[in-house]
Structures are given as structure tokens and as C-alpha cells.
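Going in written order, the chains are labelled A, B, C and D, and every chain counts its residues from 1.
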Amino acid sequence: MAAVSGTEMGREPELLLETRGLSRHFGGLTAVDGVDFQLRRGEVRALIGPNGAGKTTFVSLLSGRIRPSAGAIAFEGRDVTRLKAHARVARGIAYTFQITSVFQALSARENVMLAVQRRLTRGLFGPSHASLAAEADSALARVGLAGRADEASGNLSYGHQRLLEVAMGLGMRPRLLILDEPTQGLSDEEVAAFIALIRELSESATVLLIEHNMHVVMGLADRITVLDRGRVLAEGAPEAIRADEAVQRAYLGG
Amino acid sequence: MTTFKDRRPAGGKANTTGADTTGLKGADTKPAKSGPSRRGVLAGLGAAGALTAMPGFVRYSQAQSAEPIKIGFQVHRTGIGAAYGRWYDRTTMAATKLINDAGGINGRPVEIIAEDDGTDPKRGAEVVEKFATQHGCDIAFGTLFSHVVIGSAPRAGELKIPYFVVSEGHHVASGMLNRYTLQPGITDVKSQVIAMAPWVSDNLGKKVTMIFPDFAFGHNHRDFFTEAMAAQGGEVIEQIAIPPTESSFFKYFPKIPSETEVLYHVMVGPGVLTFVKEMGEFYGSNRPEIFGFIDSLEAVDITSPGLEFLDGTYLWEGNPRQAQADQSEHDKFYREAVGVDARGASVDDPKDVSTYAHMFGCWETLNIVKVGMEACGYSGTKDRGALIEAVEAMKDMPESRAHPQGAKVFNGKTHQVFGHQFISQVQGADLVKVHTTPIEAGYYEDEVDYTTQPL
Amino acid sequence: MDFGPYFLLASLEGAVGAAVLAVTALGLSLVFGVMRIVNVAHGEFFMLGAVIAWWVASLIGIHPAVGFLAALVVSPLVVGSVAILAERTVLSRLHYDPEATIVATIGMLYVIQQAVLMTYGPEARPVQPPFDFRIQLPWFGYSAYKLFVILAAVVLLLAVWWGLTRTRLGLMMRATQIDRETARAFAIPVDRVYAGVFAVGAALAALGAVLVVPVQQAHYLMGHDPLLLSFITVIIGGLGSLRGTVLAAVIIGMSDGIISVFFSPTLAKIIATLAVAMVLVARPQGLFGERAP
Amino acid sequence: MSESTAVLSTPPAAPPTARILGLHLGVLAVLFALHFVLPDYHHISLSRIMVLACFAMGYNLAFGYSGLLSLGHAMFFAAGLYAAGLVAQFADIAAPGGFLIGVAAAALVALTLGAIALRTGGVSFMIVTLMFAQAVFLIIYYFGTYTRGDEGFVVPDAMRVLLGLDLADPTVRYMTALALFAACLMGSLALARSNLGRVLIAIRENEDRARMLGYDVYRYKLTALTLSAVMAGAAGAAYGLLFGYVGASFASIQYSIYPLLWVLMGGAGTVLGPFLGTVLMFYLVDLTSAATTAYLLVVGLVLIALILFFPKGILGTVRERYLPWLP
């Protein structure tokens, strides 16, 4: 299956992440099947595909939450295949969960402080409470949650919890931010605000986004990768993907 | 075996503790040296009102209305020692009643203050503290299980409250404990075991296999008996230790060598019936001679189903459970006072079997306390040291109502008493005494001289 | 004794232990699997079963076999009722929160133990086996009743298996185990199923105790070891896997018998204990669990 | 166990440091003052309670803050108790040295057995810790030649000396216990409010999420368990040296369950909860045992009532309803 060739820009941006022959089997089932994938620094990439295409498994392999059955992953030119999840985070790969999973008992601020703290911590004890809180508050302000910093995050609305997740992502200052269906369950206005936020964010980080909402995908992505049954079905600029027949078959023809 | 050195500094420890830290408000109590400030503040509060209104403080303030001799009775009401505790309780109450009926001690009535120690060393220590500092007891008394004794004794020593144990453990005479801990009412296990060896070797056989629980009590049997048997020209050919949590024993029997002439068993804990029953199943009618300690069969009816196999075997008894043909009038008197029938069960309930081989120790100890207190003119807690010295001065204790188990010799240096031991044979439903050891058969060299320690 | 007969003896002993353990642990496993709670009072249900067996047997003095059979019926019923009472008044109000349940069942442990101490007393009391028959093998004798225990346990296990797979209650239990919410949607009275499971679990402990009490004795502190062993068995067998529980019971029971042939007993216990721990470290889902919880 | 174990909630507001510090120093000041006014029995008992409360606070670090439900903490207490006791008995090492060796022994047990146990989680962790503790208990029996098994042994008086002061003296004992207690209490408080404490709470609340924030969850858990063991071991060593007895009953499963009960009663994940729970449990047993031999029955019923009506423990409930700033 030939990949749609991407739009050629003036110069080739540096590679941020690359996978070669990445596979993962669960028992007899192959969720990810020999995927070769490249991500350039600074782009916003959307990962789409029908349900069960292996999108979440694929990003879980990238983030280190699960181990690959075969293949290799390189991040910034270094092999991270054997690296544990937390160590990959330290290298700059951040992952936000599909199902909202903030620390419900902690305040919004403390949630973000946790994200900031790891980055600033050397050894067991890290920076002062005040400096952490200040940085957390600025991240909360960026996602529009400044007024809710002291609220227990479990009491926040669903949309706000999604925003909090993003604020935590911001707090980590990742090089690669992986967002798993970030707009699921959000209202139209919330989605619009979210698009603006990701755009702003993409200036400082590369973004890999799993998304069902085509409006979001088309509005955000520089390039799109389509997964189907664990393989890369197509890859290219949004317009090219929109026009691709194989993609349409996969989505519409079932 | 490890010997536990006495590490007390020769001149006694740096005396930071002052005379009496236990003192209650009794007029005869001196304030603790450590506590003048504490006492001062307490008195200065004047208000003890506020404090005494709290629940735990009630007895504290009532402590002096009457003037009985208060004996703190540390009793196993719960935990693994509960079956023993109940009979220790009855014996203690019976002895107290007699003492009181006869005018008490120095004209003062005896009051027993019982507290459950849960058969746990930590709670035991707390209970001793409670006797000394809250109940205002004159002495503490009555403990059986060794770990409770060893856990409590340091506290008794520090609080300087005489601690009379009825434990049969070797811990007192080994020198591990302190001058305030005494065992004048019951022979210790080392002496019991040593006294058995000559008879076993002469009458049952020279090649012995021992089965014992794999903890300190069992190890005492293992070490002392093996040594004593060797001295008799016999030999312990196998030692089978049973782990502390075991509930079935059958799989250990194949470890018994076939040339075994005598099987020596001492099991402690509720598993004994299983042990005997399985031993019967294993051997059938073709068995070696069997000799055991009755400790684990205390409070157990010898006619219980499963114990049939014991018929014809021999048991050590600290005091014959069943009234024997040559029963002394002292035993008769004691038996009746406690409420035990001729078969060793409660007169109210023939199924309620006593711990006859041990509980006499409570009776005799209380009588020794009485004699000791009267000898030193005991008038209050300030005379505790004098009481210790009075008991240490005791030696011969002839058989009497006060000593219904038989005559005894007390060793004031080691704080341990030595008495006769009995060997009974199970004959059908009966335990028939076949041998009485002389007191000297249980003697061994002193391992400590407590009298050199400061009071 | 030669190695061969010794090994046979140890295996027989192991099999008896395994049989009782399988029945007892199955009760815990059922509760664990369906309700997702740890019942620390399981050992006390076992003890209660033994004590009630003694009571029944000593009330019916006709023939040991009659007393034993009566105990086999009465004891699990009484213990099951106690369990239902506990489940309705305490556990259901805790909404089966795992930690809260542990604390509450520790409380029950104390209550049951103390209540038995106050009424039954601290003595160890024997129950006569229904038949007292000794089989003489060439090397040693063996109790026929113990062989009966193995047989009875197998029959009981088959009965439980039948009950779970062939009866309506069993179906409801399994449905509830798989998914509580869906079961509720299918109009399964989940609350009553929970009460039932808790009762059946306790009744199985009581049955295990009735089987063992002619071999051991009823004593108010006897629940400690069965609890610990059942606990281990259920975990090793794999959470919620009844087949795993039974298999683990056989392995643990047999190895307890056989290890004692080769090592000094206390050392054997240490080795066995550490082995169980290491199995769990290597396979947290248990030996027969399907996948990590 | 489950991830939904919100045993506590942390204060949403920025913690009022002065008030918190005041409260805890106030508790210490009251304990100091009580030395002068308490009747002897309660004075002795409080010495013991403070030592055991250190055990409970150690347990709370693992269970309350990090969500590690261990059923084997007796092994850490026993490691401290036996190490301190055995070096006193056989190597003539007196109190300060013995105490440090006890603490080191507990840390060593945590770094070996604890490190293995932490490879598992949830119910498996409970069982593995239970098994390890049981093995430690049996090992104490196995080496009965030195440990005297169940009987235990008395720590020689001459070894129970700290800086020339006799630890058996009531005042010295009380003040030593208070010093240890103060160290553990303020240590717990500092930890609960530290960055480390925040990570531990995060791990308790949602281990997976903490990992995806880049925290090496295993290393943090091991740190928490080791700190917890250090406190438990310190309590054990202090217990042996202050009260003069070392015995296997302190390594039994009972002593793994006690700290769990104390912590749950006082409030898991609260700094003062373990102490409160220890005090209440002690007096519950002490007062009921004076009134009835069935005190365990009362204890059992109280436990059930507590968990039914105060599931977050006393201070957990207080924090939830009245004092949200309580650490």
C-alpha cells in the first residue's frame, strides 16, 4: 500500500521520532503491524483511523506504556525502544490519557505542580513550593483555568478536566505531546477553544493527536497518518487524505 | 544453648531511679526521685479533680479507702493460655479465700486484682505496670507462659514490684531476669527434665527419640534431657522438632528411628490430641515405650476419644491429677478447697478438667507470700525489698496444707524452688502414680546469685 | 523407614491437607471472585464450623456417624446464616470497598473468636470420626477416615462445580462476577447474590472444618492457619479462578506434606513461605490466572 | 488496593503553614507538659504509646500516603527490635549504637525483601508482604539458639544506657520516647508537605498517570517503603531498649495488623492520625479489659462501627468536614 507523498517544503525539517517495523501482538491478535512512521520536529500530526485500527496501542508503544513485540523506536535520533515509560517522559515524550485521569483528590494546581515538579527535580527533593506553584498557575492560566486552581480536580467539569490534562502537558514542557482523543465529550465552544490552544502549543512542541472529530483534524493537522488494522494506510497533507480513495473505503465502505 | 550472661554492673546500675517510682498515694509511699517535679506539679494542680473525673483515673483515687494487701494477678484469660488461666484463677481465689478466712496477712485482708494479659508479652508488661502504678498492688503474681514472664519481668524489676511467677520456665534460675522476680511455687523445667532421666533410663530404655515443639520450651526439653540422659548412660538418638504452626503430625513419625526404645514427647498447644491419635494410627499395637509430659494434656480429659493410644504409656505429672491410693490429707484438703474431684475435674462439671499438674503453684506461692510478709512485718510498698529478702531466706518447705503437692526446697540465690516430681502410667481411664522422684534428683548447679543484685 | 513408603505417607498426608484446603479455600475464592473482597474472618467461619460440629455431635449421642452426618448438615447452615447476617448488616453498607471490608472482617474475626471463647471455652475438644478404622499397610498404619476426607472433598467440589454451572443461582453468580453492572441490567438481584455468595463461601469453610474436626480438634484459635493457607491458595490459584484455586490447593497441600520429607520442618516452612512469595512476584496473576489483574 | 482509594483528600487551599506548624508543635508541647502532670500509670503508658505511634506513623507513610497496603510491617518492627536486642546481648553494643543498627537493619530488610515485594501490586503485594513477614517470624524461631524463639530474651540493663542516662528511668524513657516521637511526627509532616510527599500521593491516587508524568514509580515506592521501614525499625529498636524485652510475638501477624488498625482508626494519610489511633486503641483495650474479659469483643465491635460510620478514620473525617487544611 503506497503512502501518499507529502507536500514538499523548501527544506526537510529534522526528524523528531521514527519507528521501524513496530509491531505488537496480543495473543493471536496483531494490534500494530510493522509500522514505519516518521514525525518531524514542530509539526502537528493527526492519527486517524476506524475503531480498532490500533491507534491507542500505537501511541502507547511510543510512550512506553506497553512494550513492542517487534521493531524499534528512535526519539531525537536515539533508540528508546528499551526505555521505560517514565524515562521516555524525561526525554520529552508526554502522553495524555484518552480517559480523563487527573489526580482527583488533589487540587488543579497540585496536578500541574506534579507535572512541573518532575522536570525541575534533581534527586528526591526539588524546587520550592512557591516556584512550582507559580509555574503551575501560569500553565493553568494558559488553558483558562486560573480561577479554579484551588478546586479539587475531581470536582471540575469534564471539559475542565480535559483542559487540566492539557495544562499538565504544558507543565511538562514536552518535545512531543501525544494527545489521545482530547476533544471527546467536549462542547462545540470548548472544541473551538481547544483548537486555538493546541495551535498556540504547537509553537513550542511537536503534537501527535489521535482524533475522531474531522473538524479538529482538518483545522489543526499539518499532516495526517491513517491507520487501519494496525498498518499505515495512508499519510499526507489533509487535503490529500481527504481525497484518498483507500481512506474513504476504510472509513465509509467498512 | 546460649548462656545469658548477667550484665548488670557489679555495683548496680547508676541509681537514677530513686527509691520508688511505683508509689501511689499511700501514706507510706515516697515520691519517685525522678518525679519530684512530676509529683509537685500533680499536687500543685490540686485539682486532681479534673483528672480523676476521667474514666481511667477512678480507681487511682479510690486506692486507699480500705487497707487490704493487694495482689495483682496477671492471668491468661484470652489467647493461647486461656485454658490454664481459668484454673489458675480458681486456685488463686480458693487460696485467697482460705488466707482471708484465717485472718488475712498480718491482719489485713488479701485482695486479688486480676487483669487479663491476653497471653501476650507486651500486654503482660502493661498489666504489671498497671498493678504497680495504678492499682497500687503490693506484688504481682501468677503468670504461666514464659514469654509473658520474660516480657514482664524487666518492668517488674524497674518498678521494684515483687513478681511471683508460676511458670515452670527456667528463665528465673537461668539468671536472665532480676531480683524482683521469683518462682517459689513450682519446680522449673530444667529440674523436672533432669529428674526424669534416671527413671526413664532404668525402666523404659536407653535409646530415646524426642519429639518436641520447635520453640524455647521444646528446646529446653531437648537440651536438658539429652544431657541428663547421657549422664545416665543412655542416648537420645533422634530429635524431632515440630514447627510452631503445625496442626498435623503424621508425616513426622517416619523420622523416628526403628531402633527407638523410648519415645519422649512434649507437645504444647491444642494439637496434642491429633498428635496422640496419629501416633496410634501410625504404630498400631507395635509401639516403643512412650513417655511424655502432661503439659499439653492439661485441661484435657484422659478419656477423650483419640487418647486411647496413651493406655499403658507414662506421663510426667507435676502433681497427680487423680487422687492416688496414698493421697495425703493435704492434697485432699487442697482438692476440696479448689473444687476438684478425685478424677481431677471440676466438682460442678466432670467434663471441665483441671490443670492439676501446674495450678498448685498458685496456691503454694500465695502461701509463701503470706509467710514472707509475716516474717518481714510487711506493712506497705516500702517493705517490698524486705519481702524479697524474707522469701530469699526461705529454704525448707515441708509438705503441709500450704504445700499440698509435697515438700520443697527453695534456693534463695536462684529464686527457684525444687520439689518432687511424679511419673504416672495411663491405665485405662486412670492415671496411676508409679514413681516419685526425690527432690535432689532435680538439682543442678546455680547459674545466678540474685542476692548480689541491689534491691 | 525407607524412602518409598515414607514418600507415600507424606503424599497421603499431603492429599488430606489438600482436600480440606481445597474446600475451605474455594469458599474464600468464591467470595473473592464474585464480590472482589478479602474476607479476613474466613478462618473464623472455619472455626465456627468446627465448634458447631462438636456441639451437634455431642448433643446427638447415639452413634458418632449420626452426629457427624448431622454436623455436616447443621454446621454449614448455621455458619451460612451468620455470614448472611454479617453481610447484610455490615458489608453491604460498606459497598464492598476492599479496604473497608478488610477492617470490618478483622472486627468480625475478633467478635466471633471472643464469642466462642465465652461460650465454648478455651479447650480443644475432639469429635469422634463417623467410623474408626485403621488400615494397616506393610510399613505403617493409616486412618481410613482420612481417606474418606479426600473422597468427601472431591464429592463436595464436584457438587459446587455442578451448582455453579448447572443451577440458576450459579449462573447468576457467574454473571455477577463477570460484570456487576450488566448483571444488574439483566435484573439479577445483585444484592441477594452477594449475600448468597458470602453465605456459600462461609458454609464451605464450615464444611472443610466439619471434615477436619475428627482429625484435629475444635479450638477457638484454630482459624488462623486455614485463613492464611486459603489466602495463599486463592492468590496462587489466580484471582477469581475456581479451577486455579483447587489446583493450587492440591499443589500447596501436597508440597506441604512432601517438603517435610527433605528439610528440617521449620526450615521447610520458611522455604515454602518464601516460595509462595516468589511465585507471586514472578506471576502476580497467580499460577493459573489468565492475565494480570 | 484499588485505585479509587481516596483515603484522604488533600487541602485544596494553599496550606496555612503557620497554623499547621502551630498545631503539631502544640501537640508536642502538650505531650511535654503531660510529663509533669500525668499519674504514673498513664505516664508509663504514654511512653509506650509514643514509641508504638512511631511504628504507626511509619506504616502511614506506606499505606496512608503511598497506598502500599502492606500486611507485613511486623518484619520491619522486628528487624529493629531484634537487631538492637541481639547486638546488646552478644556484642555489648549499647543504646545509641544499637538503635542505629536497628534502624539500619529495618532499612536493609526494606531494601531487599521490600524491593522484591514492590515488584507486585494490589492484593499480591498484601500477600507477598504477609509471606515475607511470616518467613521472618519463622526465621526468628529457626535461630532459636540466639533469639530464644517465642520466649525471647531480656535486654541486658547495662546496654540500656543512652549518653550515660539509664533508659529504664521513667523520665529518661518518657523523654527519649518523646524525642523519637517528635522526630517521626515532624518528619512525617515535612514529608507530607514536600514535593516527595506530593508524588507519593499522586502514585497512591493513580499510579499509571504518575508514571506518565515521568516519575519512576518503583523507585518512589521503594523510597516510601524504606522510609516507612526506618520509622518502624526505629520504633522496634526503641521498644526493645526502653522496655527491655525482645520476643517473637512482636514479629507475628498481629503486629502487622495493629499498625493498620491504628492508622485506619486515627485516619490514614493524616499526620496526627496514627498517634491518635494508637492512643485510642490502647485505652480502648485497657479500659474494656478492666471491665470485661471480653474486651476483644468490644474492640471488634468498635472496629466495625468505626469503619461503618467513620470510614476515613477520625482525623480523616474531621478533615473532610471541618478542617480541610489538616495535613
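Operating definition for what follows: contacts are C-beta pairs under 8 Å (C-beta built on N, C-alpha and C of every residue); 3 or more make two chains touch, one makes a residue touch a chain.
Not measured: the values here are computed from a predicted model.
> Quick check on the contact network: minimum steps from subunit A to subunit B?
2
> Using the contact definition given at the top, which chains are in touch with both subunit B and subunit C?
D
> With chain centres set to the mean of the C-alpha atoms, which chain is at the far end from subunit A?
Between subunit A and every other chain, the largest centroid distance is to B.
> Out of B-D and A-D, which chain pair has the most contact pairs?
The comparison resolves to B-D.
> Quick one: report the Å distance separating subunit C from subunit D, using the average Cα coordinate of each chain.
32
> Roughly how far is subunit A from subunit D, going centre to centre by Cα mean, in whole Å?
Computed from C-alpha means, the inter-chain centre distance equals 42 Å.
> Go ahead and note the Å separation of the Cα centroids belonging to subunit A and subunit C.
Between these chains, centre-to-centre, one finds 50 Å.
> For subunit C, which residues are shared contacts with two or more other chains?
114, 117, 266, 269
> Two-or-more-chain contact residues of subunit B, please, as numbers and ranges.
Where subunit B meets two or more other chains at a single residue, that happens at 78, 214, 243-244.
> Quick check on subunit D: which residues sit in contact with 2+ other chains?
138, 141-142, 293, 296
> Give the pairs of chains that touch; include all such pairs.
A-D, B-C, B-D, C-D
> Where on subunit C does subunit D make contact in their complex?
38, 90, 93-94, 97-100, 103-104, 106-111, 113-115, 117-118, 224, 228, 231-232, 235, 239, 266-267, 269-270, 273-274, 276-278, 280-281, 284, 293
> Would you tell me which residues of subunit B are touching subunit D in their complex?
1-2, 4-9, 13-14, 16-17, 21-24, 32, 34-35, 37-38, 41-42, 45, 51, 55-57, 60, 77-78, 115-116, 120-123, 125-126, 129-130, 132-134, 146-147, 150-151, 153-155, 158, 169, 171, 176-178, 214-217, 219, 243-244
> Name, in rising order, each residue of subunit D that touches subunit A in their complex.
Listed in rising order, the residues of subunit D that touch subunit A are 6, 8-14, 193-196, 198-199, 201-202, 205-206, 208-217, 223.
> Which stretch or stretches of subunit B touch subunit C in the complex?
Contacts found on subunit B: 78-80, 82-83, 85-86, 214, 241-248, 250-254, 258, 270-274, 277-278, 281-284, 299-300, 304-306.
> Can you tell me which positions in subunit D touch subunit C when the two form their complex?
By the definition above, subunit D touches subunit C via 1-2, 5, 7, 69, 116-117, 119-124, 126-128, 130-132, 134-135, 138-139, 141-142, 253, 257, 260-261, 264, 293-294, 296-297, 299-304, 306-308, 311.
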